[in-house]
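Inspection log for the structure reproduced underneath, given as structure tokens.
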Amino acid sequence: MTAEAKNQHEGLPGDFAIWIFILAEMLAFGVLFVAYAFARAHDVALFNASQETLNRTSGAINTLVLITSSYFVARGVDAIKRDLSRDCAWWLGATWLLGAVFIAIKSAEFHEKFSAGITLSTNSFYMFYLALTFFHFMHVLMGMIILAVVIVKARRGGYGSRDHAGVETAASFWHMVDLLWIILFPLIYVIR
Amino acid sequence: MQYKSQAVAKPYFIAAIGLFIGQIVFGLVMGLQYVVGDFLFPAIPFNIARMVHTNLLIVWLLFGFMGSAYYLIPEETENELYSPKLAIITFWIFLVAGALTVVGYLFVPYSTLAEWTGNNILATMGREFLEQPLITKVGIVIVALSFLFNICMTLLKGRKTSISLVLVLGLVGLAVFFLFSFYNPTNLVLDKYYWWWVVHLWVEGVWELILGAILAFVLIKVTGVDREVIEKWLYVIVTMTLITGILGTGHHYYWIGAPEYWQWWGSVFSALEPIPFFMMTIFAFNMVNRRRREHPNKAAVLWALGTGVLAFLGAGVWGFLHTLAPVNYYTHGTQMTASHGHLAFYGAYVCVVITMISYAMPILRGRAANSNKAQVVEMWSFWLMSVSIVFITLFLTAAGIVQVWLQRYSDAPMAFMAVQDKAAIFYWMREGAGVIFLIGLLTYVASFFIKGETKAAA
Amino acid sequence: MSTTFTKSMARNIFYGGSVFFFLLFIALTVDTTHALPKRDNSQNITPEVARGKKIWETNNCIGCHTLLGEGAYFAPELGNVYKRRGGDNGGAEFIKGWIKAQPTGIPGRRQMPNFHLTDQELDDVVAFLKYVSEINTEKWPPNIEG
Amino acid sequence: MNANFPTLIWLALVALTLTTYAIGASDMTGSGAMLTVLFIALVKGQMVANYFMGLRHVAPGWRLLILGWFLIVGGLIALAYKLT
């Protein structure tokens, strides 16, 4: 495994280290998704019943929020490639705001569940629902921290068309967060 | 030896190997007691021999880690150790405290030892691996603080490399998590919950940082590969270690009364724990293949590669065998656990400490590497010890399977002692492998005294 | 351009990743702490149980036995010994009788030392083992043999 | 790739999300709905990975890895639902 992944096309966007982290996270989430599916196979009635109590609309809104934020961050990367440092900072700022919206919606959902006395130990469905969405929730927060660091540097013109690995690293991580939710939303909120 | 103060590491390495021999002797005593129940009874009952075996293991590994740190920190930070005198004082305090504790185990009934050493003030004794009396635990904290003070002062003054940073993070983590050994609530579930913060977050957390840092240092020295490449992969490996190991603690929380969700979290994240060990093996072989110099110390290179492979085998593969909750339900508390324990401790921590000793000792004695004759003997000791520990692991795995089959999985489970008799054949074979291990260890010690023409000092 | 792979990014991910997962572990620990009282049988911890635990520790029983599967594998699991030996009718008498009768002295067999416990200490140890046997361990061990 | 190509991708993603939501809101159950929803998730994932993440002009190995992940995870989920 050579350190610089030489390939005839362009290299992976951003820093290779983040890609090792992204693949590890996707592996962990993938295993948890499959674990959810097989745990459900043991107790379909309970899962379906508990699933009804979820707020599917807020889940859908969150999906739209994350997809749009993924679009914004892609536009941000596109902007920095054309040396538009301020535009990039603006797009990333918009992405960050949508992340905050996601956090707000999700926090409301959690609050509603916790105040209803639902915890990780209530039943198997809620364990997976709370565990997976909280694990993802923490990743959104982490993504926002990374984005914030990049936004600050971008506003100071720290990136250019030749050197924007930092922006692409943050963007790749954020897209991963969106990718995970793209599976998580239908799996937990929709399929029954 | 670039810095005079690196000589401080020598007594630590000698003490480490000495205590290692003691550990193996008591291991053999216990191995025989498994098949001849009243061997040395009542002079040394099994539980006393076990305490000495496990405590000597941990103490000699700590000596090895401290010796390694005293050797590599001056070289990494490019300045003399802050206070070699303090290091020697710490050495004697730790050695005397350890020796007194072992003497206390052997010659004083444990309950009396508890009376004398303030267990009534703060009860911390009587738990696996943490059997040390209160005063010894306090002594360990003092030794750790003075050691960390010495290392950190040296680090602050000198060059800060990633290797020394990761090593010091691991050592500080080791000291911090040891403090949980003072917490011993009456609630058994809480007691066990935080007991694992000492044991698991050591050997599947911060100790892996120490392991990674020492291995990276030795690989830079013996392969001459660019430091930037090695330190980059060191960070990736220790990142994978912590992101899987921290939540991996869950695989100890299945059956001790903690909530049921730990069965999911513990299984998933501990199943990922072999990944950093796999990466470490790839990393070690890759670096050696891309080496830019032929280092005369072939034995140290063999130990470094052995560390990668055996750590992956012992901690990775044998760990994964019984980490998933549905499997662990049957293997928990059987010989399967003991088999994983042996190969994991040897493959990961014994091997890396010996890698460092094999690399550093010749230099401390004024030559780049031992003579070829000595190195051949040392390589023999590597294969004798490694193969015999693998056989110990295989025999204990077989005993574990017998135990699971007869006592746990069957509809008509047999009583514990009856099952132990059924597995006696494997315990005999394990004892034989243990004797070969001791021969291998003595061969290793002998390799230091074999003369012959040697290369000039590095 | 080929993928960049810098040490500084690897270091940042090391710090970020470890802090992230340690916080997650703390969150799960907090939830466990809240959930424990309903399942760790701590409501049955009496002074006898506390003394029994101290006797269990100061005689290093964990050096030969396992408790809830953790310890030495030389002697039987004692997490469910109270139930195995008859529970509320006869469990206590069996355990006390067994401890007093040790060592058996049968040549070649594994020996348990005699700890010279007073009757009160024996009752305390039984109270501790009874308390341990009622902890919710997710139906572990698989059967009464432990 | 003209300027508003990403916008088209974005609109497609929104549409697919609304479709998933519609399926969820309706009382369509059974493997038909499940497979459709999983397929939509796969398509959305590929669109984000290839167009937004920029994997389109990266070595095919990485793109296959991401596609493989979706196929394996989606496949196992479908398998689990088939078992019920």
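Letters are used for the chains, namely A, B, C and D, taken in the order the chains are written, and counting of residues starts over at 1 for each.
Everything below uses one rule, namely that a residue touches a chain if its C-beta (ideal position, glycine included) is under 8 Å from a C-beta of that chain, and two chains touch if they have at least 3 such contacts.
Bear in mind the structure is a predicted one, so any value in this text is a computation, not a measurement.
Asks: Name the two chains that are joined by the greatest number of C-beta pairs in contact.
Replies: B-C
Asks: Find the geometric centre of each of chain C and chain D from their Cα atoms only, then give the gap between the two centres in Å, rounded to an integer.
Replies: Inter-chain centre distance comes to 47 Å.
Asks: Could you state the distance in Å from the CA-based centre of chain A to that of chain C?
Replies: That pair's centroid distance is 40 Å.
Asks: Taking the mean of the C-alpha atoms as each chain's centre, how many Å separate chain A from chain D?
Replies: 15
Asks: Hey, what residues on chain A touch two or more of the other chains?
Replies: In chain A, 3, 5, 7, 10-12, 17, 19, 21, 120-121 touch at least two other chains.
Asks: Touching two or more other chains, which residues of chain B qualify?
Replies: 232, 235-236, 239, 243, 259-261, 265
Asks: What positions in chain C touch 2 or more of the other chains?
Replies: 5-6, 10, 13, 17, 20, 24, 28, 31, 35
Asks: Can you identify all of the chain pairs that touch?
Replies: A-B, A-C, A-D, B-C
Asks: Using the touch definition from the top, list the residues of chain C that touch chain A in their complex.
Replies: 1-6, 9-10, 13, 16-17, 20, 23-24, 27-28, 31, 34-35
Asks: Which residues, counting only chain A, touch chain D once they are in their complex?
Replies: Of all residues in chain A, those touching chain D are 5, 7-13, 19, 23, 26, 30, 33-34, 37-38, 40-41, 44, 56-57, 60, 63-64, 67-68, 70-71, 73-75, 77-78, 168, 171-172, 175, 178-179, 182-183, 185-187, 189-192.
Asks: Help me check something: in the complex, which residues belonging to chain B touch chain A?
Replies: Checking each residue of chain B against chain A gives 229, 232-233, 235-236, 239-240, 243, 259-261, 264-265, 268-269, 271-272, 275, 282, 286.
Asks: For a test of understanding, state which residues of chain A touch chain B in their complex under the given definition.
Replies: 1, 3, 17, 20-21, 24, 27-28, 31-32, 35, 39, 120-121, 127-128, 131
Asks: Could you pull out which chain B residues touch chain C in their complex?
Replies: 30, 33-34, 36-38, 41-42, 45-48, 50-51, 110-111, 114, 119, 123, 125-128, 131, 162, 184, 186-190, 192-193, 228, 231-232, 235-236, 238-239, 242-243, 246-247, 249-250, 252-263, 265, 329-330, 332-335, 337-338, 407-409, 413-417, 420
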